[in-house]
Structures are given as C-alpha cells and as structure tokens.
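After this come two complexes, each holding chain A, first together with chain B and then together with chain C.
Right after this comes the complex of A and B.
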C-alpha cells in the first residue's frame, strides 16, 4: 500500500489527523515555495532552516528512542546535544583550546565516544530511579555538564565558545571544493526579483544532504529496532516494567541500551549543529534545548518517529517564525519570550486536548501484512494487541 | 570572610530555599506530581511585589522603615504572596484539574506552565535584571569584627521566613485543615472515604505552597535581584532540598532546604579545607580543588541530590514523616 503503487488507496487509508497533518504540511510547503520564488525567503537561509529542522528531528528521534520506546524521562537532552557539538567542535576548530584541526570525521567519532561515556555516567546512577526522580536527576546532571563546559576554560574556552569550525566535508575529495566549484545561478521566475544561487547556497545544500543522510540512517535504524523483538521488550517496559521483569527480562540493561542509543543520536544532532552553525557556545547546553526536543516528541506523538519528524519541523517554525514575525511585522514583543510562550502553550494544549500527540504510533507498530486488506485498524492501545499484530517477525 | 560569616550568609540563603522547598514538597505530596512551575511561581511573587512597591513609592511611600525596609515593603510582600497564590489556584482550576493524564503528564504540563509564567513576566518587564526600589544597606557594624557581613535586610529575611515556617507548623499540627492535609498526603483515597473534601484541601495546598513560594521569591529579589529567570534558576536547588529532605515531608523539606542552602554558600570554606588537607596523590588534590569552587556550588547540590536519590530515596526524614 505504498504511495507509489496505489496513491488513491494510500490517501483513503489516512486517519483524520494524518490527513490534517498532510494537508497543513502541503499548504506550508506551498507557502515556502512561493516565498522562495518571490525572493521573500533567501534560498540559502531556507536550506539553513531545513538543516535546522533536520537537526531537531534528529534530537527528537533520540528522545523518542528513550521516552517513546522505553518511557525514560530524560531531561538531559541538552547535555548530550552539547557534548556532541563540543566534541566535534573541539577536535576540528582552528581556535580549539586543545588539539583541534582534525578531520571532521575524527570529530564525529570523538563526539560519539564522549557521548557514549557520558550516557554511561548519567545512566548508571539514574536509570534505577522512579520516573519522576529520573526527570529531576537527569535535569540536575545536565546542569552539572553545562556548568563544567562553562567553567573549564582550558578545555572549552568557557563562555567565549568555539569558533573557526570547518564544514563537515572539509578535506573530502570532491565535496570540499564543491560549493566554490559550482557556478552562481540566477533564476528569474518573477521579473524584478531574481533568486541567486551562489556559494553559500551550495554550502547549505551540502549541509542538507548531510542531515538527510544522518536522519535517514537514524530513522531506518530506529524503525527496524522498534519492530524487532528488542523493541517489543522496550515497549513492554514502557507500559509495565514489572511485567517485563516477570518475563525474565533484565529491564535495567534494556533501559541502558535504549538510553545509550538515544544519547548517541542526540550527540549526532550536536555534531551536525556544529558544522551547520560553525559556532558552539555554552548557551547551546541551556535546558531550553531539552524542552524543545520534548515538545517535538510529545506534539508528534510519543513513540512515533514520523511524529518526531513533524514535531521537529514545528519547533523550527516556532523558533524562526517568531524571529521572522518580529522582523517583518515589527511586533512590539521581543521574540525570545514570545517563543517561550508559544512553546508553553503548545505543551499545555497538547496535554489538555491530545495527550497521545498529533500522530500517535499506529500502523508503524505492526507489520503491514498483519493488517488484513486495507481499512484502518483501531489504535492499538495496549502492548498485547501490538504483540498479536506484530508477531510475524520471529 | 570567616566561617561564621559564611554560615550567616548560608542561613539567609537557606531561608529562601526553605520557603521554596516547603511549597514544592506540599504540592508534590498532595497534588502528586513534581511541579516544575514552582520556581516561576516565585518569580511571579517577586515581580508582583516589585510592581506594588513601585506603586507605593510613586504615591509618596508610607513613611518610616523597619529593619531598613520601608513600610511599603510589607504590603508589597503580602501582594506578592497573594498574587502567587491566586495564579496557582487559577492554573490548578483551568489547567491541571481538567487534565486527564497521569503524574508524568502533569509534570510535563507544569513545564509548559513554567514557560508561560516566565514568558508573561519577560514580555511585561523585559529580560533585564532589576532591583526593588529600596536603598541597599551597609552590613551591621556590630557584627563586622566577627567576619559576619549581614545587613538588616538579611535579618528581616530570616525573621520573616521563621515566622512563616512556624505559622505553617502550627497550621499543620493544630488546625483542622492541617490534619486533613496530612491525611491526604498520607493516603488520598482513605482521606476521601473518611469524608475529607479532597478537592478543597488540594486548593488550600496550592494556596499555601504558592504563597510560600511567592514570599520566597520576594526575599530572593531582596537578597539578590529580580530577573525573569530567577525562579527557574533556583528550581533545581529547591528540588535538591526537597529530595534531600524526603519528598512529602514538610519538616524534611525544611531540613533539606537548610542543608542545601548552607552547602552551596559554604563551598568556599570547603575548598579552603581541601587545600589545607594533605590529599594524596597530587592529581586528586588538584581535581578536588578545581571542582569544589564557588562556580560549582550548584553542581555540588545537584550531585548530592542524585546521591541521595540513589542511597536513600526517602530522604533524611524518611517516608511519611509529615
């Protein structure tokens, strides 16, 4: 029932919220396209936004692997994001207070290793805790990480942050010179407002390519993991940890695996951010980053990867939309509190009117072959039903 | 400063933490969720008092001063407490009560509420730091020879906090409402079948908890300064205090608040002690000297919090010692 084979059937299969999301997304994409053509939105900036949305989607994927799959309330997203960003920035930047100047691939590897160690350090003490204690403890430890990054100037350059970071494809055979090599294009769709495609545009499109690769790989891994027996154990832990124990599962070990998986994905988002933004500072470890990821996940639907993708796009719209409103409409309100207000309102509204999120996991929990002939199955609420439906993979 | 001086500072800071942690602990045990909006309730209290004080000063003030505070400060304090309580009740009625989610859902909702509070303050007052319209005082001369540098304002903070804490103790132990609250904290279902109107008790809990938070916010503004992030920055320290004391235990929260406040303010003393101690090997000594410094005062509190959660999840006061 893919969109290619049977577009009409696939459309008819959509649930109401899915149809809504599809409609709104299409309208939004059209709006962006028109702004691009008329020159209201610079193409390089647009690609930067796409990269940012991909980054938030990655963060949300990571959190989804922890909260959506296993029910771990991790409030230290910002710490892993920041460690990933700092790890690669410190290894690659020319102004790095330590070594620096390495290939970005080395930075990627170092960032992932450091994030792995940090996940163990945070996970070992906190994963045995009750859910709400885990929330508080992980937020506290994230603050500890932030304070260390802020104060250990010899390592991180303190509040000054790290500059002079190269693009991710620096030192690669063809890609490192690709942006300069491409000719500057001049498209004139609407007379009088030409759209220029220059070096910055090609640079940004490389970044988008990178984030698409990262996000695609992560999505594939998570999708497989979610449907695997391993993923079913995680879902059992989420709905009833005692039951999982009674079935002979070492829940602590499973929680740790899911925590590490999620943390590595968050660090990957950090690595990408480093090469997108080309500057990393202690402000990037602010708890607000954690809550951005949380909003994306609960808005999209806990446990749902495409929901996380949708949530990531909404977050970027809120983040950059407030800035745009401030520039364009000259609102008397500073964008920072407005953004905070919107985030707060979104959290409360979702919890009030749709606690399961906009796109809760439905058919992505079960193999397509398990659904007989078309028609939308009821939302599987309990683990039992998911297991009956998804039993074909063993 | 001498150890005595740091202790005195610690006492002042602790009073503020205690006011915050009692409210958080009460709400935690009776409304049954970790309220992440508690810190921002303090901010609201502080800014309400700020507005009131400015209004009173604008009409010429109320004359004399007590403990270096103009008379106008006290109505401002009351307004701060009242506004915090009213906002908390409004939030409970409008947001929390109609929600159909578990305690984790409430926790996440409270983060949204915290953002809304902070955004409201920031939109109205901007993100800059402000101060109460009260002249700063010099430290009390008589105490300076002992190395204690506290102002009359600090004395007022400790005194008022003590009055509020004693008042709460009397309320909990000797009034009907207090007995109902303790019953509800202990076992909400049992309390309900015994004929306690649990909804009403919950509302009173919000009034008391948020009121104390409002007072704490006003004192925090007097002790440091006001900024939209003041409450959120203190929130984790308050959580540390509540957890150290044992969630659900009001007296534990008081003890935890006192301890955490003292520990964060005494960090310089600890670092002096570490420097004086002959620690071997050398790298360990350097590491400890680096980590136990004033920049890491809060981090130390958070680490203590995690250790307490692991070793003694019921806190120092144990379960159900309300």
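Right after this comes the complex of A and C.
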C-alpha cells in the first residue's frame, strides 16, 4: 500500500466516497476507543465483536468471489458456513457424536474438503446452465443441509448442537496456554472506571489474531486474483459470458473455480465461528446468514474486496449495535425487528443513492507491475466506476 | 445448383451440409461452403437468411442438427466454443458486447488466449511469469490500438465509446487472440463512413498479414470492395458463390434480396 511511502499523495488519490468512508471509519474507531476507555464497552466483548466482524468479512469475501467477480448467484452461504462450522466442530469437540477430539487443524482441513466436495457437486449440474439454475439449486441446498443437521442426530447431535469445542490454538505450543499465562492488567485512564484485561481478554485476542490471519490471507489471495487475467475472465463472464466463450475461455471451468473458491472462504468463516463461539447448533444455519452476506456485498459494492470488508463491518455494527442501543436507550421495540428495519433502510438508501455500492471496484484491474511498466494513466479512473454504477448492472 | 462450387485446395474452414431448425423453421438448410486460407470471404443474404445462425453453428454456440464443420482440417462439430477457438477460429457478434467497468485496454486484454495468468495456481506459484506475459500483452494491446488509431481511447471506460469505436475495439481484441480465421458479423453496421473506411483498411491490412476473414455485411459497397469470393445465403442454404462481379449480376441474388425467394 502506498499509504506508507506517500501518505499525502495517497490521501489525495482517494475518491470522494473513499475519503468519506475513511472519515466515518476513523470517527467510529474513535467512538469505540472512547467507549473502551470509559468502560462503556468491555474489552473482551469488543474483541468478540472484532472477531464477529472478521467472520462477516470472510462471508462477504466468499460471496464476493462468486457474485461480485463472476455473477454467480449463491443463496446457500449459510450452508457453506454451516459446513465449515459443523465440519470443524464435529472433528474437534469432546461431545462430538462421531470422531471428535482431533486437533483443530484437522477440523479445518476436513471442513474445507467437505465444502469443496459439496461445491463441486452443486456446481457440476448447474454451472453449465443459465445463471438462475444455480440460484434455485443453492436455495434448495441451503435447506437440505440445514435439515440434515437438524435431523441426523447420529451425525450432528440434532437440535442439541455440539458443545465442548476447544479453542483453535489448543495443543499449539505457547499459544494454547497464552491466555492463562498472561497477567491480569488493570488500566485506569479515566479515574473511577478501570479497564480490566484478564484471561477472557487474552483468549479473545487470540481469536482476533486467528480471524486476522484468515481474513488477511483471504484478502491477499482475492486481491491478487482480482487484478489478474484470471479475475478478468471472471469479470468478462459476469458482463457477457458469450464473449468470454467466443474468445476461447472455458467459462464452465472458470465459473467452477470461482464458485469453489468462494465456498471455501465461507467454510473458513464457519471454522472460525466454531472456535469463537465454542458451540454450534442448527440455528447457525438459518438463512439469515445468507441474507447478511448478500447485504454486505451489495452494500460494499459488488466485485470489490474492500467493499466486502466494509459491508461485513457494517453488518456487525448494525447487528450488535441495535442490542447496545436497546440497553442504553430502553427503546420500546425489540432489537430483532429494529435490526431488520435498519438493514432495510440501509439497503433502500444504498439502492437509491449509490446502486453500485459504497466502495465499488475502484482502479483499472491490470496486474500492477505490468501497468507500472507502461505509462500509468491517472485520468479517467474514477469516472469509470462512477458511470458503471449509473448503468445499474445489478 | 452451384453451391460451394469453387475449388478450394487449402480451406481453413469447411462447412458441409449443415442443418439447424428452430421449431418448424429451417434456419440453416443443408448449407455447404468453404473458406480458402488467405481470403476475405463475404457472406451476404437478406435479413433472416440465417447468416448469424451459421456463425453460431460454426463457432460452437449452437449444436447443429446435422452436417459437419471443419477448422484447419479438424472436425469441430459439436465442440464447445472455447475448443473451436483453440483450433484458431474466433468470431465477433452482431451486437457489440459491452464490458461494464473495464477500460478499453483492459477489455482488450481478454483477447490473448491461454495467458499464464488465467491459471489460478500460477498467480501464486509463478507470479513472475504472469507479470511478464501481462506486460507483453499490454504492450501488444497498446500497439494494436495504435495501429487502429484508437490508442487515445486506451484508458477510457469501455462502455463510454461510440458504437463504431466499439466495433474497432472488438476487431482489435479479436486480433489479440491470434486467430487463423476471423468471423465478423456485420462489422460496419451502425458505423459512420469514416470509421467504416478505417475498419476496411484494417481488415485488408490484417488479411495481408495472414489472417483469413469470413464476414457478414449488409453494406454492399463495403463487401463488394473488400471481399472475394462472396457467398450468398438465402433461407438457410447457399444460393451461389462467386466474385463480387458475378454475384452482383446474378438474377437469383437480386430475386432473393427482393424477397421473391428462389
């Protein structure tokens, strides 16, 4: 990122929405920081929220790799998330009705393999057909996976869910005992409201470390893929699949790769969730997760990785913020409907004023070193994206 | 009948007894013809004669009901479009295809076939190779845009340029795929005379450099000037084939265009 070598130049390069998002994010971070210092927001809970934000970011990354890149309509985000969550839970938990007790890395691997196979199975019959077939099939898949989890007690423990899940770093040197080994800290920045950092805090910070690793790795992969000829073929398929075919691209294979990649990322979000929450149940496969992921991607800007990250954070803010608001202001309505209302308002506002999303893909997407070689154009870039949204290609 | 009558020794494309019907309508009706390597072959016929359908059959977009298509001596009947493209045949579409959110040169970069960077694994395993080929392709794209005298459009949004410029970009992009035979569906429809002239020069120049063309066009002046031989299609079958002179003076062709049928 050029922000480091040339901060002023980088700031001047920002488009208006980018600057706007940066400003709001900074204000929001400041607000969180003050809440932390005054003790209004518990530090462990805050880190839990960061973990949750990372999880939603992963889900939106996954959906973005399918819908944003290639235009694949996947309504089974919750199913792949659930596969990841249950896959790792069933492999690692002490109460697992099947294997159980394995190292979380084994759980991770199993979850990814199962998600891979499932993506392949659903992709083979649908990806050769028109886009709507995948949409319909995935809608069915989500329900099938949820019902299997709910009803196959021998496999999943049914409605009881899976308990006794270890933290992800259990069994690792140093990290497995890190939370207990850390001393409890007491910070008193504002007299009278001390901030306590205890075992739970260190445990939560490990989770944050984990999600940062996951999300960081995924972002790195997607960012590179997006700028590559591979990503360019996907974007061509999204705009006009026949054109890609006419130019000799095996679009079926590309769609399959994009679908599998996205599904694996969603499963990764599920794996993280398992070790964050330490309990998974059939309720975790409710379609609301799919809904949130779609909102996050559309809100952030389809096709944009930064947008997906932004959208994921907004979702968590709304999801948890409504809870907070309710406690603080004792609103006469329940947080759950308030949450959906807020999300509805946000969607309507975005669709009305910024149909391309808040942070649509910004730059011309060419492998960076190739562009640096030739003369870098700096003129019409923002214009490209601005008018793209005007076309309303969603 | 004189269909496909001219002797073709070195045919880059051979269409034999091709058939396709939609419901009761025979859109392609036992069509047979060949495209000789190195030529610019014209394909004309009244609206609805089945020209675009023929392109779709040849390039693998439609599955024929019968007959065969050969590209470079290989039978490509029933193959996927990308496989046909791999055998050296590239086609464009009658309506220009827009690529949302891409710049012109970005849209050009889809052209080159089998780029190392189209493999997901290579992006991480061999980033150096990917970068090299991307640089080379970008340079090549910019060179072709220059030859087409539209290099000033390189960083414009691909959806912002005029219909005529879009046709030029499509032709330029198709050239990046290095086809042996290029099928153009109405390359100058809706293009102003100046750009059409430019397009004609480009096609001629590329042909001299070795690319074979098969082009559909309603603009008679354009086809007659550029193409030789010309294949005339009517109601799905090949009515005749000949030099522009022969075709122009053929009564059956005139009849077909006046809507009389054969």
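Heads up, the rule we're going with is that the second predicted complex is superposed on the first by the 360 of 394 C-alpha atoms of A that agree within 3 Å, B and C clash if a C-alpha of one lies under 4 Å from a C-alpha of the other, contacts with A are read in each partner's own complex, and residues count from 1 in each chain.
To be clear about the criterion, contacts are C-beta pairs under 8 Å (C-beta built on N, C-alpha and C of every residue); 3 or more make two chains touch, one makes a residue touch a chain.
Being a predicted model, the structure only gives us computed values, none of them experimental.
Colleague: For A:286, select first, second, both or neither according to whether it touches chain B, chain C, the two together, or no partner.
Modeller: neither
Colleague: Which partner does A:151 contact after superposing on A: first (chain B), second (chain C), both, neither?
Modeller: A:151: touches chain B, not chain C.
Colleague: Report for A:228: first if it touches chain B alone, second if chain C alone, otherwise both or neither.
Modeller: Touch partner of A:228: chain C, not chain B.
Colleague: If we overlay the two complexes on their shared chain A, which of chain B and chain C does A:198 touch? Say first, second, both or neither.
Modeller: In the superposed model, A:198 contacts neither chain B nor chain C.
Colleague: Applying the document's definition of touch, where does A:361 land relative to chain B and chain C: first, second, both, or neither?
Modeller: A:361 contacts chain C only, not chain B.
Colleague: After lining up the shared chain so the two structures overlap, which partner does A:343 touch, if you call chain B first and chain C second: first, second, both or neither?
Modeller: first
Colleague: Determine where on chain A the residues touched by chain B overlap those touched by chain C, and list them.
Modeller: Chain A residues touching both partners: none found.
Colleague: Please name which positions on chain C make contact with chain A in the complex.
Modeller: 59-61, 80-82, 85-86, 90-93, 97-103, 105-106, 109-111, 113-120, 123-124, 127, 130-131, 134-135, 137-139, 142, 154-157, 159-160, 173-174, 177
Colleague: How about chain A: which of its residues touch chain B in the complex?
Modeller: 73, 125-126, 128-133, 135-137, 139-141, 143-144, 147-148, 150-151, 291, 294, 298, 333-334, 336-338, 340-341, 343-348, 351-352, 355
Colleague: For the complex, which residues does chain A have touching chain C?
Modeller: That would be residues 221, 224-225, 228-230, 232-233, 235-236, 238-240, 242-252, 257, 261, 303, 360-361, 364-367, 369-371, 373-374, 377, 379-381, 383-385, 387-388, 391, 393 of chain A.
Colleague: For a test of understanding, state which residues of chain B touch chain A in their complex under the given definition.
Modeller: 33-34, 95, 98-101, 103-105, 107-109, 111-116, 118-120, 122-123, 126-127, 228, 236, 239-240, 243, 295-296, 298-299, 302-303, 305-307, 309-310, 313
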